[in-house]
Amino acid sequence: MHKSKATRRRAKKVGLPAETLLYTGEREKNSIHITLTDYDAKHFEEHTLKQVDECLPYKLKPTITWIDVDGVHDPSILEKLSEDFSIHRLVTEDLMNIVQRPKCDDFGDYLFIVVKMLSYDEQENKIHPEQISIILGQKFLLSFQEESKRDAFQLIRDHLRTGKGKIRKMDTDYLAYSLLDTLVDNYFIVLEKLGDKIDLLEEELMIRPDKTVIEQLYQLKRELLFLHKVVWPLREVISSLARRESPLIHEVTVPYLLDIYDHVVQAIDSVEIYRDMLTSLLDLYISNVSYRTNEIMKVLTIIATIFMPLTFLAGVYGMNFKYMPELEWEYGYLLIWMIMIGLGAVMLVYFKKKRWI
Amino acid sequence: MHKSKATRRRAKKVGLPAETLLYTGEREKNSIHITLTDYDAKHFEEHTLKQVDECLPYKLKPTITWIDVDGVHDPSILEKLSEDFSIHRLVTEDLMNIVQRPKCDDFGDYLFIVVKMLSYDEQENKIHPEQISIILGQKFLLSFQEESKRDAFQLIRDHLRTGKGKIRKMDTDYLAYSLLDTLVDNYFIVLEKLGDKIDLLEEELMIRPDKTVIEQLYQLKRELLFLHKVVWPLREVISSLARRESPLIHEVTVPYLLDIYDHVVQAIDSVEIYRDMLTSLLDLYISNVSYRTNEIMKVLTIIATIFMPLTFLAGVYGMNFKYMPELEWEYGYLLIWMIMIGLGAVMLVYFKKKRWI
Amino acid sequence: MHKSKATRRRAKKVGLPAETLLYTGEREKNSIHITLTDYDAKHFEEHTLKQVDECLPYKLKPTITWIDVDGVHDPSILEKLSEDFSIHRLVTEDLMNIVQRPKCDDFGDYLFIVVKMLSYDEQENKIHPEQISIILGQKFLLSFQEESKRDAFQLIRDHLRTGKGKIRKMDTDYLAYSLLDTLVDNYFIVLEKLGDKIDLLEEELMIRPDKTVIEQLYQLKRELLFLHKVVWPLREVISSLARRESPLIHEVTVPYLLDIYDHVVQAIDSVEIYRDMLTSLLDLYISNVSYRTNEIMKVLTIIATIFMPLTFLAGVYGMNFKYMPELEWEYGYLLIWMIMIGLGAVMLVYFKKKRWI
Amino acid sequence: MHKSKATRRRAKKVGLPAETLLYTGEREKNSIHITLTDYDAKHFEEHTLKQVDECLPYKLKPTITWIDVDGVHDPSILEKLSEDFSIHRLVTEDLMNIVQRPKCDDFGDYLFIVVKMLSYDEQENKIHPEQISIILGQKFLLSFQEESKRDAFQLIRDHLRTGKGKIRKMDTDYLAYSLLDTLVDNYFIVLEKLGDKIDLLEEELMIRPDKTVIEQLYQLKRELLFLHKVVWPLREVISSLARRESPLIHEVTVPYLLDIYDHVVQAIDSVEIYRDMLTSLLDLYISNVSYRTNEIMKVLTIIATIFMPLTFLAGVYGMNFKYMPELEWEYGYLLIWMIMIGLGAVMLVYFKKKRWI
Amino acid sequence: MHKSKATRRRAKKVGLPAETLLYTGEREKNSIHITLTDYDAKHFEEHTLKQVDECLPYKLKPTITWIDVDGVHDPSILEKLSEDFSIHRLVTEDLMNIVQRPKCDDFGDYLFIVVKMLSYDEQENKIHPEQISIILGQKFLLSFQEESKRDAFQLIRDHLRTGKGKIRKMDTDYLAYSLLDTLVDNYFIVLEKLGDKIDLLEEELMIRPDKTVIEQLYQLKRELLFLHKVVWPLREVISSLARRESPLIHEVTVPYLLDIYDHVVQAIDSVEIYRDMLTSLLDLYISNVSYRTNEIMKVLTIIATIFMPLTFLAGVYGMNFKYMPELEWEYGYLLIWMIMIGLGAVMLVYFKKKRWI
């Protein structure tokens, strides 16, 4: 029930003055982790911050500073950080509002990117979204993860630490690319899960179609609606980055961004195809049910058409009229059996001809 | 029945000369309230006007003048006000026509914005629209609310009074933004209501689908059609404001307008997703009904297929033919029972095999 | 059956040399009325012409000359008029072809506008279209009405006569605006009629759905298809006028044209919403029928499931076997009644549990 | 089965080197007719050519030369002609490939236009397409008709001969316009045929819906799909001509091209509306069938519900128990009749109340 | 099950550092074949390479060098080749990823084109895709085929060898065109296969509709969804080439590219039409099933309506009441027969009137 929740969270803010900082998610217990990574091609430093202010000295250094905030439910921390990096108040407000649509806003000095991290929750059998916000500036990058207990960017941190790949030699835009790439790669895991479920559903529908199949189908449709809502705007986000409208994006990063763009388009393709397949499956289900109803009706009609006239005949000769000459005939009983069997046979031939049997 | 009413009201005007002032709503009894607010960063004044002319002195002052008119059913007041602020006659006409499509017209000296305030009427179980018109000029802003008994902008007035937030330091365009923001925030309350209703409908449909469910579904579809009609043009309205085609919109206000734009797009997303969900729910309902018809048919067919031949057999031995040897057999009755039970068992096995039971 | 007629009329022209003047409507008996109105702010003259040539002296005068032709089935009159005002032969041809799509062609010296006047024919229960062509030139305006017996522009003539409103002070483009405004206003009357019919249909469908409802629904769909075809191109017509691509449209008229544009967009909105509503109504009807079939099946199945086994039992004890011990029992009859009632009760409980009753 | 044939023909070419001349239609027996028409305002000449080379002297003359080739199944003729007029080899190849999509290619010196001539084959009850290719050059026009036995342009030849209309005074682009105009006019004859068929179908569906109706409906849908495929690209063809991207199109011809453009758009409109109508008719059919199934079910249920309990009662008193006190009562028989009639009446009242009768 | 596989393959890469070379297909046993072709108008050379480095001397020569790699599962070979021709690492990565969407990326010095080769697998009854990547550079062209056992370009190699056609006289872009042309031609063979299957399905559906028809229909829909996904992006690929955004494409090649473009558009048209036809076929199936259910219901209802009252009557006179005067009548039995036959006849007349028979 993603949708209704999303509007519910948004609705929370009604009546408050514009630019009020309000966390729209459910209150989280976990504390917020702030990790600072400072690096260039030769140098690498990593700290877990206790105070937001600790990051200030790094801001001035010519090295790249990446501050990753795990958990966005504490306004004071976000407010402090925003002041330190002179972030617009609307951005700070959006950081806490976890029901954002993916978007990319250009504030001149920095880009503000909101995207969704997706994972598949096996237990609840649905997609679990987590909002990730990225502020990409000159030599600094701030990232904010909705959930404090999980770190989506562990792998990138590893690459930075070991200096594998180009990442240490490139600018902040490449770091942003790496973060986005990780997110988009995760979409394919979710898509694979949904693909498996559709394959399973298809199989079930062919062999043993029952009511639960339709409810699963409906559930999958909802998940795909949600995925559609999340993936579509991402396309525009990546494409606006790749168009290099901001000087923060360097020419050398463009092929990488175009690569993500291709992946996003492929993900969109898959979502659309899955939706088409679910529609086809529903059609298959409905036509199967109609067909089976038809088959059942045939059985009923055949039985009724054969036995109703026969039962009637039997009823006739069960009547107690005084003068019923047939009853007295010696071969009356034999005759009636022959008539009844003949009648039944004629019916069967008729149904055979009509291709009902 | 929003739609038909809308055209009915519009139809009222046919045959009248162009630019006739005619109120297209139902005649309201309540009198019109006019509230004048005059402010800048340091200064704040608020009056309830009895005469339209009282606002004239404020017009010349360099402070920002906001005149809010509650109720648009009196042509004379609107005409007077329009003259005072040299508003085009077509605008005055549109102010009274409460079946406008949301739009933003640029008249050079001022912008004319028409939007809809939405609230959910719990009693009638439908969305209640109220037309809000805004005339945004150099240092003045006129706002017109269709209904005189309710003031949609109480909160903004409070912020102005207390000087909270930036509103007192900014120009008229920020005031217009605040009004629009309030409206759009209200959309999410309505969306939340509809979301709840859809969730409820979904639950009901799963457990106990009956005829009323479909009527509710149809009602919700109508509401969403109406919402769609109201929200879509709003997107264009906000986007044209944010493109700064008019010098009345300052650069500093653009991020705020883009923020509303994001909200409107999110509202549109929700409306579309709700519509898709209703379509899916209808499919779910129809396939459920088909499935249940199928199940019922099975029961009927099983019963008929078992008992029709048996009843026939019983009928046969209820016939009164003189010469029916079986009737004389000592174990005839036992035999016939065994045949009948055997026949029934064979049928059941057959149905079991066909997975009907 | 608008559609098929339209193509039929068009098909009439096949095989004729291009630019042949041919009236594509059904031959009209009524004679053609030509009304000349010549006016400026101070001066007003109105004549019914007997000869086309009578208009020539007015053509040279600096006043605005409006020639309104009622009936377009006489090639000679149209040809004469076209020559007098040097109108392109293709235009003359189009004037007689009453199955034009609404359009606006710019011929440099004049604009050629084709639109449809709509009215609702209560007797035939369908929309009655009438083609109106307007040739808007420097200081002259020619208008052509398909039907000679009705004058759609009586009201505008009245305004001109009395000098009410701005119309006498403005140029020909404002006159064209007034004509178009009258047409578009009439669309809302037709839309209101259709809206009423949909509301009625909805009510009928809820209370007493039968076969005629679906036929009415289909009829309404056809009307809306027709309306859609007529209104959509009008949007482009008005918008091209308002873009001022021709010097014949003055800046001062643009707000008026934009006002019509808004109305046309609103009409389009209504048509689309009505179409969506009809689709929803059809879904409602089909799901209602399915539901009722389901309900009927339940009744049948309950009756059959209860009485078939009972009738079978009764049949069994109606058999005439010699040795049927139960028949001899003193309380056999009572027992069988108890068994039968018990069986029936068990069935009822079972159906109750399955929520069939 | 247009579609599958089209791809089949295209598939013929696989594996052949690019630019191989291959006729993709079925081998035609008829010989190819070549007609040369040479004219200007004063002068007119018409010949049937036996040798392609005979046209060479006309090519150099300042008069307009129109060479019309009836039948495109002989590569040698087309190759020769192409060389004479220096036509690109890809064009020659396309001339023979009769499964082209309508298109307009600009080769600088000449325009290559491919369109479809349509006629309605009454016997096979389907649309019969014929590919027409036009090469429009400086003072020459080549036209190619797929079928050799029919001449689609007889009328234009007549106009040229008699010098009726403007055609002799205008350039080659006007001749091309005339050819295209003839083609498009024919579309309306086909559309009229389809419109008549839809009207007939509608009537049949209202009065006596049976299985063949649906098959006709499906057949019509296929025809419209085909028409849609042919007419849509034509719009782009005409519009690209009218935009005067090539100097071969003169300003004076533009209004004529725009006139065809209007007709094509009207044809597209009709195709779309016919498709919508067929969809509505299918809905009408399905809901009618559902409704009638429902009605039949009602009859069945009423009969079963009334007679099953009655038959059961009769069965009870047909039992042969020894002690059945009711049987001995003097008015037992009368009583049971009264009970049965009462029961039947109650049922009928119940059904009346439920609006089943 | 193309779709789900595609996402599954993509999902393999999650968690690996960006730009890791990983083959996403199933591990192939076959070794990789590398064929080098070096040619110009006069000169032709062809070698099967064992070492990638053997191609280096050809790179420097002014002749055109085409290196065709059959099989992309060995990272070392691709890496080596990429280095030799200074190909971007992202491209090398994409070469191995066989679940790419068709695309054309411009890397300045070379164009990177990804397309799909399609063939119809008769045994598995589905479309078999093979990814083909083309790197088009100054005087060199690298092509990569997913599968090592099949060579899709045998024909082009033959043309090069024999020097037939223009291919030897043109530049690398014409070679790329030839490769693409071969691919697109193959699409029509696949389309023909699908077209045949649809025709077959249509026939089966008309004559003997059963459950397997719907499953085949569903399977075809999946294939078309897949085809749609493959063909649509190709349109953009070809169109971007034909727009000559890169200097590697020469003016002379543009007509050829436009020719492929036409074919691709035609293929898209066919896919869309096939999809529409499948939808129509499904509608036909469903309405046929409904119709037949309706027919069956009629039979059942007629039988039940005739025999239920008759059986009831017979039951009545089978009752054992002591005083049943009718039983004693001399012509009672005859009378009851007459009544029953009369009743049956009335029913039949009624059904005849209702057009049920």
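First chain written, first letter: the chains are A, B, C, D and E, and each begins at residue 1.
By our rule, a contact is a pair of C-beta atoms (placed from the backbone, for glycine too) under 8 Å apart; a residue touches a chain by one contact, two chains touch by 3 or more.
By chain, with names taken from UniProt: A, B, C, D, E = Magnesium transport protein CorA.
Since this is a predicted model, take the numbers as computed values, not measurements.
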Key: Reaching chain E from chain D through chains that touch each other, fewest steps   = 1
Whole-Å gap between the CA centroids of chain B and chain D = 41
Query = For chain A and chain E, what's the span in angstrom between their mean Cα positions?
reply = 26
Request  = Specify, in ascending order, the residues of chain A that touch 2 or more different other chains.
outcome  = 286, 290, 293, 297, 300, 304, 308, 311, 315, 318-320, 324
Query = What graph shape do the protein chains here make by touch: line, ring, star, complete or other?
reply = ring
Remark   = Ordered round the ring starting at chain B and going to chain C, the chains are B, C, D, E, A
Remark   = Note: in the complex, chain B contacts chain C through residues 1, 3-4, 6-8, 10-11, 13-15, 17-19, 88, 90, 94, 99-101, 103, 105, 107, 208, 210-211, 214-215, 218, 221-222, 225, 229, 282, 285-286, 289-290, 292-293, 296-297, 299-300, 303-304, 307-308, 310-311, 314-315, 317-320, 324, 326-333, 336, 340
Key: Interfacial residue positions of chain B with respect to chain A in the complex   = 155, 159, 164-166, 177-178, 181, 185-186, 188-189, 191-192, 195-196, 198-199, 206, 255-256, 258-259, 262-263, 265-266, 269-270, 273-274, 276-277, 280-281, 283-284, 286-288, 290-291, 293-294, 297-298, 300-301, 304-305, 308-309, 311-312, 315-316, 318-324, 355-356
